[in-house]
Amino acid sequence: MRELVRHAWLIARKDLQLEFRSRTALASAFVFTALVLVIFEHGRDPTAVPTIDLAPSILWVTFSFAAMLGLNRAFQAELENQALDGLLLAPISRTSLFWGKLGANLVFVALVQIVGVLLFILFFNVPVWRVWLPFLLVCALATVGFIAVGTLFSAMVVRTRFAELMLPVLLLPFLLPPLIAAVAITVKLFAGRPLSESGGWLRLLAGYDLAFVSLTTLLFPSAVTE
Amino acid sequence: MLWARELSHAFGAIRALDGISFTLDRGRTLVIFGPNGAGKTTLLRVLAGLVRPTSGSAGVEGGRRAIGWIGHQSQLYGHLTVRENLRFWGTLYDVPAGDLEHRVGELLSRLGLDARAGQQVRTLSRGETQRAAIARALVHDPAVLLLDEPFTGLDRLAAEELGRLLGELAARGRATVLVTHDVKEGTELASDVAFMRTGRFVAIGPRGSRDAAQLTVAYREAVGGA
Amino acid sequence: MTLAQRGRWITLGALVLLAGIYVRALRYTPVELFQGPAQKIFYLHVPAAWSAMLSMGLVGLASILFLVMKDARLDRFAAASAEVGTVFCCVMLTTGPLWARPIWGTWWTWDARLTLTLMLFFLFIGYQVLRGAVTDPRLRANYAAVVGICGLILLPFIHLSVYLFRTLHPQPIVLKPSAPSLPPEMLVTLLLSFGVFTLLYVGFVMQRYALGEVGSDA
């Protein structure tokens, strides 16, 4: 188990190092987030639709699409010079490889979410900080399972034609449950209701995370082994 | 050191490997010649454990950890420097930190990469990249080398240096399997030779004192044409 | 007789039976009091939904078995089943709105079942787009199996989330379809059409599977 975590950490650290050095995906995700927020704000009739009604959906749509931008990145670096073969040959388990990739993706998405929320507060004037702790929990719960599926799929998709187009097509149905749940909980949080009112949604998110993190870990070897 | 027993690999009607058997002892170098599409790369991938055979089995004494692999591509990260790459792969193979620095330095100077150590891999020339790839494969001092056309992209001098390096490794008891489509390459290195066509060894045995010209004649007879 | 020929005969038989079902539905099954003749489309719609779900279920099952046994035939079956499932999804998604327009007064509503079937359709599409994008047959089979299994596990979650969404947002839905207790004639007709559609599924898959076999030899 310690070996597993250590190897996963090595992979994740290398991934983040690569990303911070090239910054392509991170930069495009930030710009994308800002753009979506600006467009949403200008597409809204401020006299008819109050910000607070629209805010949760906008926030989560932004998050999910920005995450998708980053997912392709994870395995692209591995295929550039077939480094993936080297990783598969190295004396590390497939699980630590997957968890390393997943970890790096989660850090990536977390960064995008932090910047996204800051921009969101700035543009939309929603007092997110009043509910920051439950909001953080929702963000984490809604992101983990979906990014796990995305990491698994991206490992396969990068080896196909039209990789960038393929991932959203495959991933969108998987986005639906966590997205609906996250929006529903966020609506309540922003309206000043306690988290305890969203018990059903939280259970759904937790169940989704549990199911898909274990399923994807189980399936990952099949996605990379010929 | 290395053995294969009745290896076959097929999917549906496509047969890439068809009953390959051989064993290789310490200090021996098997060079496999074959035309494109003969299944050479698949054979190496099966030996390495990257591809599961449909039937038969293969094994390496010491397992995955003991394998050094050079594939068609460098398996290096373009945005990391040569030294960072070697460190990363060394750490994955649990080379102790102290030994690793020493080993990396040694390989860099041996392969003439001293001046390039701090440069990102993507800025290297093709030949330099191939030399870095060789260093990567050797960083954990593997007992078995699986080399897929390792001379590709190397100039004469570098190719001769690689030849000397492989000769030394064989003298130190390393076993090597080298596949190539070019009979002129690697002939002097071979202690054993095999000719491969459509997934089979049409001939295998010690090289004896045959030189490249004699092998070419034998190869033409065995494989036909080419 | 080859597999494709047998498949063709089964399909032909099923189509004749389907015609029979409609003779029965139109002549001998009572017209629903509130919905009128529009209700007759249900004998196509509901069993098509059943066949689509069956397709996805079997794609998932074949995918699991494939990853264990690595038999190319299982992959071919999954591919055939997914393709046939897409067709049934299309039948379901076109007959649904045709019925909903006169009865609910709208082509589409974000009802739990509707959203689920739409997502099922997207899953099938994604599965097929992926298959089309991988040329190496071994990789394609592995990838497709992974997506097939994930898709199967996803369906209950989609259902749960959409259901939860609706129950938490009670809203006046005009003429919401409550589970209707069918009069016996209708029930028999419906059950018969389930059988016929299952037969159609089998016939289609056999033909598609045979086609895949030809393709793999080439």
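Chains here go by letter, A, B and C, matching the order in which they are written, and residues are numbered from 1 within each.
As a working rule, a contact is a pair of C-beta atoms (placed from the backbone, for glycine too) under 8 Å apart; a residue touches a chain by one contact, two chains touch by 3 or more.
These numbers come from a predicted model, not from an experiment.
> Relative to chain B, which chain's C-alpha centre is the most remote?
Of all the other chains, the one whose centre lies farthest from chain B is C.
> What chain is most central when centres are computed from CA atoms?
Centre-most chain by C-alpha means: A.
> Ranking chain pairs by how many C-beta pairs touch, which one is first?
Looking across every pairing, the one with the most contacts is A-C.
> Indicate the whole-number Å distance between the mean C-alpha point of chain A and the mean C-alpha point of chain B.
Chain A and chain B have C-alpha centres separated by 39 Å.
> Report the inter-centroid distance (CA atoms only) between chain A and chain C in whole Å.
31
> Distance from the CA centroid of chain B to that of chain C, rounded to the nearest Å?
50
> Using the touch definition from the top, which residues of chain A touch two or more other chains?
Within chain A, residues 225-226 contact more than one other chain.
> Of all the residues in chain C, which ones touch at least 2 other chains?
138
> Send over the residues of chain B in touch with two or more other chains.
Expected reply: 52.
> Quick one: in the complex, what on chain A touches chain B?
Residues 7, 10, 14, 17-18, 21-22, 77, 80-83, 85-92, 225-226.
> List the residues on chain A that touch chain C in their complex, please.
Against chain C, chain A makes touches at 149, 152-153, 156-157, 159-162, 166, 169-170, 172-174, 176-177, 180-181, 184, 200-201, 204, 207-208, 211-212, 215-216, 219, 222-223, 225-226.
> Which residues of chain B touch chain A in their complex?
Listed in rising order, the residues are 45, 48-52, 63-65, 67, 69, 71-80, 84, 88-89, 91-94, 121, 129, 136.
> Along chain C, where are the residues that touch chain B in the complex?
70, 72, 137-138, 141, 216-217
> Please name which positions on chain C make contact with chain A in the complex.
67, 115, 119, 122-123, 125-126, 129-130, 133-134, 138-139, 142-143, 145-147, 149-151, 153-154, 157-158, 160-162, 164-165, 168
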